[in-house]
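Have a look at the structure below before the remarks.
By written order: A, B, C and D. Residues from 1 in each chain.
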Amino acid sequence: MLENAWLIPLFPLLSFILLIFFGKQWREKCSYVGIGFTGISFVLSVIVLFTQMANGSGGAEAAWLTIGSIEFRFGVIVNPLNALMLVIVSLVSFLVHIYSKGYMHDDTRMATFYSYLGLFTFAMLALVISPNLLQLYIFWELVGVGSFLLIGFYFYKEEAKAAAKRAFIMTRIGDIGLLIGMILLFWQVGSLEFNEIFTAVRDGSVAEGLLTLIAILIFIGAVGKSGQFPLHTWLPDAMEGPTPVSALIHAATMVAAGVYLVATLFPVFEASPAAMTVVAVTGGFTAIFAATIGLVQKDIKRVLAYSTVSQLGYMMMALGAAGYVAGVFHLMTHAFFKALLFLAAGSVIHAVHTQNIEKMGGLWKKMHITGPVFLIGALAISGVPLFSGFFSKDEILLATWYDGRYGLFILGLIAAFFTAIYMFRLFFMVFAGESRTTGTKVHESPRSMTYPMITLAILAIFSGYINTPWFGTFLGDWLVGDSEFLPFEHHEGPIWVMLAASLVAFAGIGLAYLIYYKKALQRDFLTSHMPNTYTLVFNKYFIDEFYQYTIEYGVRAVSYLGSFIEKYIVEVIVAAVTGVVKSVGSLGSRLQSGQVQTYGAVAFVGLAILVFLVVWTGGYL
Amino acid sequence: MSGELFAFLVLALLAILGGILMLNLTKVIHMLLSLVLTFLAIAGLYVMLSAEFVAIAQVLIYSGAVTIIMIFGIMLTRHNDEQKTRGNLTRNIIVGAGIVLFFFTMYFSINQVSFGDQATSLHVENTKQIGVELYSKYVIPFELMSVVLLVALVGAIILAKRDDEEEAEHK
Amino acid sequence: MSAIPVNAYLLLALVLFCIGLFGALTKKNTVIVLISIELMLNAVNINLVAFSKYGINPGITGQIFSLFTITVAAAEAAVGLAILIALYRNRSTVQIDEMNTMKH
Amino acid sequence: MDWLTILVFSPLIGILILSIQQAEQKVTISLTGILATVLPLLLSLVVYAQFHGGGDLAISHQWISFGNGIFQIDYELGVDGFSLLLLLLTTIVSTLSASVAAAQIKQGLKAYFLWFLILEIGMLGVFTAENLILFFIFFEITLVPMFFLIGRWGFVEREKAAYSFLIYNGLGSAVLLILFAAIFAKTGTTNIEELKTIMGSGNAVSEEFRFGSLLALLIAFGVKLPIVPLHTWMVRVHVHAPIAVVMIHAGILLKIGAYGLINFGIGIFGDQFVKVAPFIAVLGLINLLYGAFLAFVQNELKSVFAYSSVSHMGIVLLGVAAMNEAGIQGAIFQTLSHGLIAALLFLLVGVIYERTHTTKLRSLGGLAKGMPLAAGFLLAAGLASLGLPGMSGFVSEFMAFLGLFESMPWLAAIGTIGIIMTAVYILRAVLGVTYGKTVKSFAGMYDLTRREMIPAAALLALIVLIGVYPNFITHTLQYALESIMLGIGG
């Protein structure tokens, strides 16, 4: 079965191709095509997962590109991490396909939407089963395109166009890092197969300085894809896409690809302490940085987007702190509860037709399913005990603690505190209090939307139990189990870490409750007391503006310099060339005066010069 | 200095003098006459080169016939013409420079050459030798040359005549 | 016989050739241009005759060739003069720089 | 059978048939014109089928000979893998271009096709010629028809464009002629294979001569490629020539520069090429970045794509300068891939121009609403152009950079800025045209017709085919690459 795992991505691809060609005729039936094919992929993924558990890893490969003696290959490899990712991706994608049927039901371009979803799912599934770095890079870019197309789905909106463009270019900047790292690695190792890379790294055949450089370059790729600081700005803007897309791509799967990349290449990173520090610090900083921005945003999707950035930072921090299992574990739980939150947010938007949380409120009574599932998601992400997020977050904090990075540990705690605040700020403002909606009557979403949410809610509660300090570390054992390259140490952490994490979560929730529900504290406390700080945070630390004034204008300046050169130097040279040709021409035509003597004179002088040259050079030219 | 060398120098200087006079005189008829001097000097050189027959032909044809034809030409056209201007000065300078270049190039080459001994038997019955060669070895070129002369004669007559008739028709 | 070197004759011929050439290319009067060309032919003749006496392969041939040249030169002078007169009839000038029909 | 001669001169049949037709019968003429390009297409497929590594298709006849064989030039045709692929590219793009021309050229269709078919003979000949003199003759044959095709059927400044085309390429080919004459004088042969052995042996011809020859080649083909700062004629041609001609020009004629550089530059003067490789790499880098940055500020769709061609040719130079298998194969791939992509891009520009009568970026926008298919194709072509994996552009860029990183990592690292910039300017142009608000609504807007769709789809299919399974081509290329690598001692 494992060698036929390549079939899994092909079904969504088939869906993409069919819908591109026949989508127009099929109209609403498109959704069934998409759902059906993704469903098959999901079923196959589950089969692959269990086969892997039973029989161990496996895969298949074939030649793809031959350059003389170099051969690049294409194929599949199924190891625990890949199998897990397959299931996560295909499951979330399947649920989002179903959800979209309800969410997009009145859109005329549903066929296009489903075909793009198919393309993305194909690329993402193929990404996670890549046996070598080149193939990973190829699908890495393709998921970027899927994301780009879906962000720009409402192509007639200027914001969507700008967001799509920005997403593509920002991630491409990261991709170039990955490309350079990959090529450098290739010339060191002579192959891009993961196993050979790991062997070479373990045997120490790559110099450590170079390895650090390579690891950091590859990490830049992950930074771009996962919206880490400083390449994070595209991710909040990407919320211009339809909400199911935000759930699938910009919460659960594609953005997690950066984390997946670091996890896959973990042995390479591990060999370079400097690179590990870079990963951990970037992750930790992003976690708290994005969380602060999330505190003050007013757009429901943007809050969730910054939350995503923050959580991804968390995962990076875990990986950087050698918490391989913790990172992957949090990747999984996050995929479920963040997809859930986005889908619930989509459901809310679907009902009230706005994204501004100040215009929502009191929806708890009106949306009997969306409300509770959103609450479950919020509890999970805040790290309230017994929900999935609690276990994975705890694992991360433990990993940082044991890695000796106490600063990061504290950073993680603060970020967790902020997470709880902004999630419950969101919850209270949307679902509690008085209704501030205007106009349309609010109603619960159709079943095609609620069922996926319920499924995810169940997973958001229970998926944490596969790796707990109490019931056994099944996930960790399995992930690291049969790999010769991955270290595994589970930390039987001091109980106070767990207590601290819970405490922080409850404190955050409590604070939010006081401010936004009880109104016991002034809401505009921050605004009035620290106006400068508030402006700074509300404007996302002016990073966008900074980029605009430095990079964008810089590029423009270089371009205008280029066109200046073109206009006043190159064109002048050209004019000079044409001028010379013209003047030679006019000189020639002036010689054609009709006077035989002139002709004779020219001919003779030419002859004299020739003869002179022949004699001068001694008869040889 | 041997007498031969002296004769050569005198004749050479005369020839060059004629040429320079030709370039610098202003009246056309004077230019022409100065060239007669050159032609005669060249005839003298031919004698020194054991080519008596050629020398005589030179005197007859160049100093006589060609010069007379040219004088006729001048008389039939505007014989009082003087050289109006020095003409196009830049062109003259360019041509002059080219000629100087050419001169020195050739001078350089001439200085490089050296040949074997001189022939001795040329002056013995010079005219007979030429006649024998012309009528045996070079008989075909010789006959062709007569055709050329004939064609030139007829052509000259026709060229000079045709316009008369055309002018008559015009009138 | 103390020989005058062939180079002397060649040099003289070169000088005359250059004078003739300069005249042919710069003089305005057509008659002088024609006679300058005659001068150039004469310079060539000097070479022919000189080589017939001093050349690598001395012999009478050089003199015969110079005779041919003289003949052709004479024919050329005759035809040239005829053309000149015909032109003069049409244009009333013998200035060579006014003859530019080749331009059109 | 002498398939190559038949292939090269097969457009003559079309010329003969066209010349006896009446100029008024537009339908028959356009049909004949298209069919006349289909014939070489079929023949080139025959040649492809008969190709087994090289030598068996080569032919040689005595052609010009005097001086008891001292001066002898033979009529020699032959193909290796590289030129075979370029032949296929030529016939394919020619057929597509002819079908575009049949729809878009409004007047003088007969004369257009006559020139066009002569042009095709020239292009086919250039890629099959096995000696320098024959190559030069075919090279010149491409110039004259192009001059008239641009000058008569182009847009506003067509005559200026035609003249600058002629002046630049004329200078280039003059350099080429002098060089070929010098080579012939020195070695007494113009056969490329013989020259490879003579020049390769190292002692037959002085090193200075070989170095000078290489520089001359660089200038001659640098004009064609084009290398900055010799590129302005090419931008002008791209903007002002008729779309169908630009397809040919960007798709094939520019490739003659790359072909010459690889086949002659490396093939014949390999050991000298190693010396100038860093210099060429710098030139390539300048091309790549200069083209990209300038493309970013153009206000006109066609000039964006023109500068994009400059930029993409920079990658060819970079790949060549890498002087290893990956780099050179990347350059070859880029040559082919850019041929297809540029043809597709300009095809779509033509489609847009036909509907809107403008290519100004400012007055275009939101076209995806009125013509979703065309917008989709444009987007796909743009993505291919910026090197999206799964399309041919990625494979070539990847290989070129893979090669360059081995030999000159720092230059390569700077060059990657070009990859980012490509994304920036392509998205700016393509999204500006198709996405966003509709700036102006154009009357009578309609989507791709079937006649436009088939060429576009064919090109896109080829682009994707190469991108998805590049080994499809590498087998054909193998022998050519080996002989090139032999030239540089690798």
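Everything below uses one rule, namely that contacts are C-beta pairs under 8 Å (C-beta built on N, C-alpha and C of every residue); 3 or more make two chains touch, one makes a residue touch a chain.
Being a predicted model, the structure only gives us computed values, none of them experimental.
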{"item": "A-D against B-C, pair bridged by the larger set of C-beta contacts", "value": "B-C"}
{"item": "Distance from the mean Cα position of subunit D to that of subunit B, given in whole angstrom", "value": "64"}
{"item": "Subunit A-subunit D separation of Cα centroids, rounded to whole Å", "value": "37"}
{"item": "Chain centre separation (subunit B, subunit C; CA means) in Å", "value": "5"}
{"item": "Averaged-CA centre spacing for the pair subunit D and subunit C, given as whole angstrom", "value": "59"}
{"item": "Overlap residues in subunit C, where contacts from two or more other chains coincide", "value": "21, 25-26, 97"}
{"item": "Contacts with 2+ other chains: residues of subunit A", "value": "597, 601, 604"}
{"item": "Subunit D residues counted as touching two or more neighbouring chains", "value": "none"}
{"item": "Category of the chain touch graph - line, ring, star, complete, other", "value": "other"}
{"item": "Pairs of chains, among all present, that meet the touch criterion", "value": "A-B, A-C, A-D, B-C"}
{"item": "Residues of subunit A defined as touching subunit D within the complex", "value": "63-70, 134, 137-139, 141-142, 145, 152, 155-158, 160-161, 164-165, 168-169, 172-173, 176, 179-180, 183-184, 186-187, 555-556, 558-560, 562-563, 566, 569-571, 573-574, 577-578, 581"}
{"item": "List of subunit A residues in touch with subunit B within their complex", "value": "597-598, 601, 604-605, 607-609, 611-612, 615"}
{"item": "Subunit A partner contacts - residues on subunit B that touch it in the complex", "value": "91, 94-95, 97-99, 101-102, 105-106, 108-109"}
{"item": "Complex interface listing, subunit D residues touching subunit A", "value": "164, 167, 171, 228-229, 231-233, 290, 293-294, 296-297, 325-326, 329, 366, 368-369, 383, 388-390, 394-395, 398-399, 401-402, 405-406, 409, 412-413, 416, 419-421, 423-424, 427-428, 431, 434-438, 469-471, 474, 481-482, 485"}
{"item": "Subunit C - residues contacting subunit B, complex", "value": "1-4, 6-12, 14-16, 18-23, 25-29, 31-32, 34-36, 38-39, 42, 45-46, 49-50, 52-56, 58-61, 63-64, 66-68, 70-79, 81-86, 88-90, 93-95, 97"}
